[in-house]
């Protein structure tokens, strides 16, 4: 029996020795000297993934090194984001972040394993994504004002679907509830698609949805758009008023995307990345593709992005607190 | 009707271009090869090849991706039959009788029947899409949370039929599976349940992780218990192709499976996952001698494989006609369409008829190509089984490890799978079958989600389950099925008691 | 020695897991039947599992079950151990060293361990894994430890 386990024991010992020796890596030379990883903390095929792929493809050409998109999905982006926060700040690990990972999660999770402001170098604000408030075409409600009236008449009876508790779409609804002073029941789904299915089937009354998912149904006459959630009208839906102008002054709830790196990214690398991604964001091809997704390219300096992240964290903390949306 | 023929002609015109044929072939080939690797299912494969499709024409890209989807689906069944590892939920039931057949030396016929049933089902389902797609999609929207909950109840009752041992233990395994399925973030409240503060558990336990542990690793361990090499899998290979007897035995099963799968696939809220389970249950219930099931009944491969492929095909309906992805694979296809600047939705059919009908035509081509590709491969797969097990199992182990790791790029899942390997081994020793647990695992979260959503929408009135006709019909069907299961079981138990 | 009925053990496992689910659920909100909280469904299922486990266990005393289970610890420990080893090493050592160590360890679970044969197997599988996954499918896996990176 003793003899039988000699080789396995040897294997394990060898493994431990090699492990302890190889803890340290080497990285020098001019940046970038090897492929850059762009982590997406969500599954492939989603909006964040597609935007990361659009940007990384052109960024590869600019940097002369492949920028490889790697999906590390899980826990509304927490797993991938935490991984990047703990990676070396050498410019070889970037992260495509969202309003979810870098604004909402901070107040939703009391034990969030990263700080969206302090643990990251904010490289550039990539794009904004306004949402749109839609109802089924057969619904008699035609405007935000009528909706507020109807909700006040029947408190707690109208329903709105969302892509899940704590999603941007959910909190857009919570912000609407608190600013308009109405009581509408939140019905969470596992992602935007099943919620849309139930909206089309008339199971729920309304939904805040991403423009890219809602527009085809609006054009096909199956849904009515009541208002967009941005401060100015969306290029994709020029005839639809903003919710702010339609009856809830000051209302704004947008999803956004940006590129970050781990904290203390060396200044020359930060400047280079910011400059190149800004160039990419102005390429007509990239602008077109981002607009097709219902998003609007932003760009700008790292400082502008940091300020935005800080403002968003504060804004959503207030909404989360008021709505009582709780997660662990 | 003539309109459809015209449309199909338009579609074939586009899909039959040499370039598109080439990519359909490439997709089916790559899909099959990757699908055979344990753990790398259609989702991982399409995600990996998404960037490749950037440079292609939209139709060509979609044809290639759809080819990967069918290929991977079929490749998954191959692994299930050969080494008892279900790559995804639909191949769990293929393991039951497919692997039993392989152990009897009939892996070839099992693979052949699986391919041909899939081909038939794929053809029928494609015509259903072409003829009735939009109508069916509208109809499927009538399924609200109450209907889905009742469907899940029906599926749950059916799960018990999967086992061929003790009924009581099968029910307990289903409940255990339901509980395991609840691990992770609760959809309704956002609360993390049973995660022990591990973020890695917050999305629940991936199906593949559980399946590989319970089936794959447990199988390897118990195979290695045998003292001599010769007892482990060295079946005399009895024919590589199915015989006429096989066909006679299973053509009805193929028809039933196709009908069931086509129907369930249309439902965007998770019908397709149920299709293979439902077909297996149906076959076992209508069979004259149900005890053959689990011991290598060819209908137990044919029915579910047909249902699975039909369901996979008709699950394109919500995506193509409404722009709603009904599962993760369809979500990826939607992503691919978006990348190519196509906004999926009701307008695709009228605005881009070449794309729409080209896709449908390519489904027929893809299914045919898949069979042409796979029939010659069968003899290679069968020969693989004659490799000594002591060389085969380290390879299986390694491939499983890489496959599990690549699901999320996370080692945690690998450890979890080892844990389920232990559990699977213990359950084997205790005569508890893992298949009902897996179905419970799939149904658990969906069932709870639909139940609570239905109650939320009805403002707490449980009567919705009985006042909505579709829901009521399904609950009645579940009750009848339950009686069919329980009455004979009680009778045999009583007989046993009297004999004992 | 008296034969231990496998059903008794199975029943106990069900009772313990069901009970654990009920106990763990107590830290979540229960809600009502109309507005179920996160604890509602798992509590009901947990109780059901305890009940089923009791039935299985009690029945085992008069209904003869199958053979008493006999566990083989050598393949169990070595196979699961090599899976765990794979998970631990992959991100740290890269694919090729991990493959070598995992295959050698797992191969030890089978009785017939021939040095030369294992060496060939290790070589073939390392090449296969590297060629297929890293070069063929370009999975984001490292082949070698960080140290090897030029």
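Order of writing sets the labels: A, B and C. Residues in every chain begin at 1.
In this text, a residue touches a chain if its C-beta (ideal position, glycine included) is under 8 Å from a C-beta of that chain, and two chains touch if they have at least 3 such contacts.
All of these numbers come straight from a predicted model, not from anything done at the bench.
Of all chains, the one whose CA centroid is most distant from that of subunit C is A. Here B-C and A-B are compared, and the pair linked by more C-beta contacts is B-C.
Spacing of subunit A relative to subunit C, judged by their CA centroids, is 34 angstrom. Put simply, the C-alpha centre of subunit B and that of subunit C have 22 angstrom between them. If you average the Cα atoms of subunit A and of subunit B, the two centres end up 31 Å apart. Taken residue by residue, subunit B touches two or more other chains at 188-189, 191, 409, 456, 459, whereas all remaining positions touch fewer.
Contact of a single residue of subunit A with at least two other chains is seen at positions 70.
Multi-chain contact residues of subunit C (touching two or more other chains) are listed as 88, 140. By the touch criterion stated above, subunit C contacts subunit B in their complex at residues 6-7, 9-10, 13-14, 17-18, 21, 24-25, 28-29, 32-38, 41-42, 45-46, 48-49, 52-53, 55-56, 59, 63-66, 69-72, 75-76, 79-80, 82-84, 86-88, 90-91, 95, 99, 102-103, 106-107, 109-112, 117, 121, 125, 128-129, 132-133, 137-141. By the touch criterion stated above, subunit A contacts subunit C in their complex at residues 4, 7-8, 11-12, 14-15, 18-19, 21-22, 24-26, 34, 37, 68, 70. Residues 74, 78, 81, 85, 88-89, 92-93, 97, 101, 104-105, 108, 113, 140, 145-147, 149 of subunit C are the ones that touch subunit A when the two sit in their complex. Residues of subunit B touching subunit A in their complex: 46-47, 50-51, 54, 141-145, 185, 187-192, 197, 199-200, 202-203, 268-269, 318, 322-326, 328, 331-332, 334-336, 338-339, 341, 343-347, 408-410, 449, 453, 456-457, 459. Of all the residues in subunit A, the ones that touch subunit B in their complex are 43-46, 49-50, 53, 57, 69-76, 78-79, 82, 108, 111, 113, 157, 159, 164-166, 185, 187-191, 193-194, 196-198, 200-204, 212-213, 215-217, 219-220, 222, 289, 292-293, 325-328.
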